[in-house]
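Next come two complexes built around chain A: one with chain B, the other with chain C.
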Partner chain A sequence: MKEIKLVFTGSMGAGKTTAISALSEIPVINTDVKASDEVQLRKATTTVALDYGEMTLPDGQKLRLYGTPGQERFSYMWKILMQGALGLIILVDNASPEPLADLDIYLTHFREYIEVSGAVIGVTRMDMAAEPALDAYYAFLQEKQLQLPIFPVDVRRREHVVMMVQALVAMLEFS
Partner chain B sequence: MQYKLAMYALEKSDKLFVASMLELARKKFGVHWVLDDNAGQVTLVDVDQPDGLSFWQAYHSQKKLVAFAHSNRCQAALYLEKPLRVQPFTELLKALADDLPGFEGAVPETVTTATVAVSTSAKDALNYQPEIYLAGLLQHSLRTQQAIRLGIEHCPALYVLPSKHRWYSAPIDLNHLTSSQKLLLSAPASSFVQQPMTETALLNEVTQQGLPHYDLNSLLWVSTLHASQGRLLAGHALQHPVRLRQWPNFAILPYEPVHMQLAAFIMKTPASVARIASNTRIPLSTVVDFYNACAMVDLLISVDNSQDVDIAAKPVSVEKRSLFKNILQRLVG
Partner chain C sequence: MLSHLEKVQLQQRLQTLIADCDEIQAALVVTVDGHLCAMQQRENYPLERLATMGSSLMSLGDTITAELRLGSCKNIIAENEEGIVAFMHVNSALVLVTLTVQKNAMGLLIAHSRRCATELSKTLGT
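Coming up: the complex of A and B.
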């Protein structure tokens, strides 16, 4: 049976694991290891493999939720995970030093997929850092000739994660 | 000629709405209905209420009754679907008046319980004019940068702070509004007591009361959704194409799943209201309400007429459509 999956990607600490936890009906399986020196300043652990969660749909099928490792050196895994994916959610930590540059990494790597199927962008921690504002993200996407939904989200709130998935499904209906 | 309408078992908010719609029906169709619970020629009965249903069962064969409910389970010949909407209700009043003998009587200048301040032009009554509703008051506050307290009977006050683009009120879940809250949001501007305030006074008052604040766009958005009632914004045309500047920020703007679909469609394809409704198969009134709300929070961009082209959508397979439906059901279920 063909796998049905959603992929969450984004910079380290953007909230991928938390977002999947908000939806998953099983405890999220992840491989957290102690962060290396250069990332320890940002968080205590970091995902160097991937996150996995799942939801059972009303007809019994499983919707599998994957979180990619955040560091760019694991980008080879990103493409593998995206094969056959139903949709992509990109999370960006607005409190990171260069959130737009972070976003650019994922837009570049997933460009081919995005042009066919679209993606949803969730900007996290806007309560900690108000800039860049949403308008800056939309302007950035316009330069890239992309039109994607961008939402300020708190991935600890299930309704925000649900909102992103709803937007993704709506886009897929009209892609 | 006057006609008399009685009401039975309606909730207070619906009674107020009916009363305000009688004036609109008079201006739109020239039919003069007055409320008279004792001598109504027609009785609007809320059959979703137990006593309303009992009344219906007792009198439906003897009196002229209109069943008012979420579904026509009484299989009534005269049925009005909940929630009350301007167009179906006023058209019903017109149709009833055509069949009834009227009374000679003085035309009331104002409705006793609520007044809808509408233009005397029948055409204008068919359009949504934000200036005569709450949205107009908010826009005025933003234009003049005047902080203001808006009060209406039986409802918590609204405090508008335009300099911060905020409003304050008792805690409210805009995604799950009560019927009285919906009434508040669709009430005409004339129903509000307006009290200009200094910014300092307003902040003191809301701090004392511990009132949470919300983005002002959320109030502009939700009040427009409820007040539009399927009427296109005045000065806009059903056939003129538009596109969205960006997705509505559904993190702060209340939404229903259909709004997501509309946003996805309009972001992808500039289109007129008429074409959006036709291609998405979403009811025109829903599209219009969404369109108006987007316009009120400055999300719409007018495009050239040549861009309103019927681009055949790539068909989504039955399997995929079923999958999407399952995912959405699982998320909200």
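Coming up: the complex of A and C.
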């Protein structure tokens, strides 16, 4: 396995673009545009097509990192970007009004993929909102009959994102 | 955010576009982040989805153009077996999407659409 395609998805503002920027060895290709809706209350721009970056693992494997737009109206891009993907990272913004409902959107949409391949969940901005705690996430996954690793992460910190990616790659290698 | 007056102006200019060019079946103006602002069409096309897709495509066009340092992206053309779709910026915030089912009407489609986009840009500002 020389090249691995990983996809970062998750709710708007959860940090997908930031996570890919933290990892990428090349300037990240992004398609951010000025937000014209309620998104602008949170951030000035939003991704409307994809983010793309690359990272090489210590053993020489190249990771191709794709980020999806967060909003459901761009779900056609989710389908396009998942073609050929070996792993999925779902980022959830814990400071959003309903983080578990946000997670549910992505678990539902990517369920089929998650069941045959691998996924990890990164919970961001836990410093801004401590609840729901990770226990609530695990309980929620159990309810959905899924077992996935969950990481509290600060996507601005490269080592946090690397940890998630390494966990996902390990899952893929042993699956 | 567009004012009511600006939305009316968009709607009127799209009406003129469709009236002036029989080959154009549908025209819409969308925000760069994928929200439909105004539309006119001769048939019932799924334009809500096209609005969002238009923003993705235009952004990809801008990204590719910047990557290759080719100036600014003027148009994106999807030439298909059963018709042509053109995407172009009105200004930094809006994108015009036009559709023809005439396979030989690319010149007309682009010319009329470009004139419409330029006039809208003058009306709304950059």
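The rule is short, and it goes like this: the second predicted complex is superposed on the first by the 164 of 175 C-alpha atoms of A that agree within 3 Å, B and C clash if a C-alpha of one lies under 4 Å from a C-alpha of the other, contacts with A are read in each partner's own complex, and residues count from 1 in each chain.
Keep this in mind: a residue touches a chain if its C-beta (ideal position, glycine included) is under 8 Å from a C-beta of that chain, and two chains touch if they have at least 3 such contacts.
Note that the coordinates shown come from a computational prediction; the quantities given were computed from them, not determined experimentally.
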Clash-or-fit label for the pair chain B, chain C on chain A: fit
Chain A residues touched - chain C or chain B, whichever exceeds: B
First, second, both or neither for A:77, with chain B first and chain C second: second
Which of chain B and chain C A:29 touches, first, second, both or neither: second
Touching partner for A:153 - first (chain B), second (chain C), both, neither: first
Contacts of A:63 with chain B and chain C, given as first, second, both or neither: first
Partner chain(s) touched by A:162 [first = chain B, second = chain C, both, neither]: first
Chain B versus chain C - smallest C-alpha distance in the overlay, whole Å: 26
Shared contact residues on chain A - chain B and chain C: none
Contact set on chain C toward chain A in their complex: 1, 31-35, 49, 52-53, 55-57, 59-60, 62-63, 67, 92-93
List of chain A residues in touch with chain C within their complex: 29-37, 39, 46, 48-50, 69, 71, 73-74, 76-77
Chain A residues within the chain B interface of the complex: 4, 23, 55-59, 61, 63, 86, 134, 138, 147, 149-153, 160, 162-163, 165-167, 169-175
Touching residues on chain B, where the partner in the complex is chain A: 245-247, 249-251, 257, 260-261, 263-265, 267-269, 313-314, 316, 320-324, 326-333
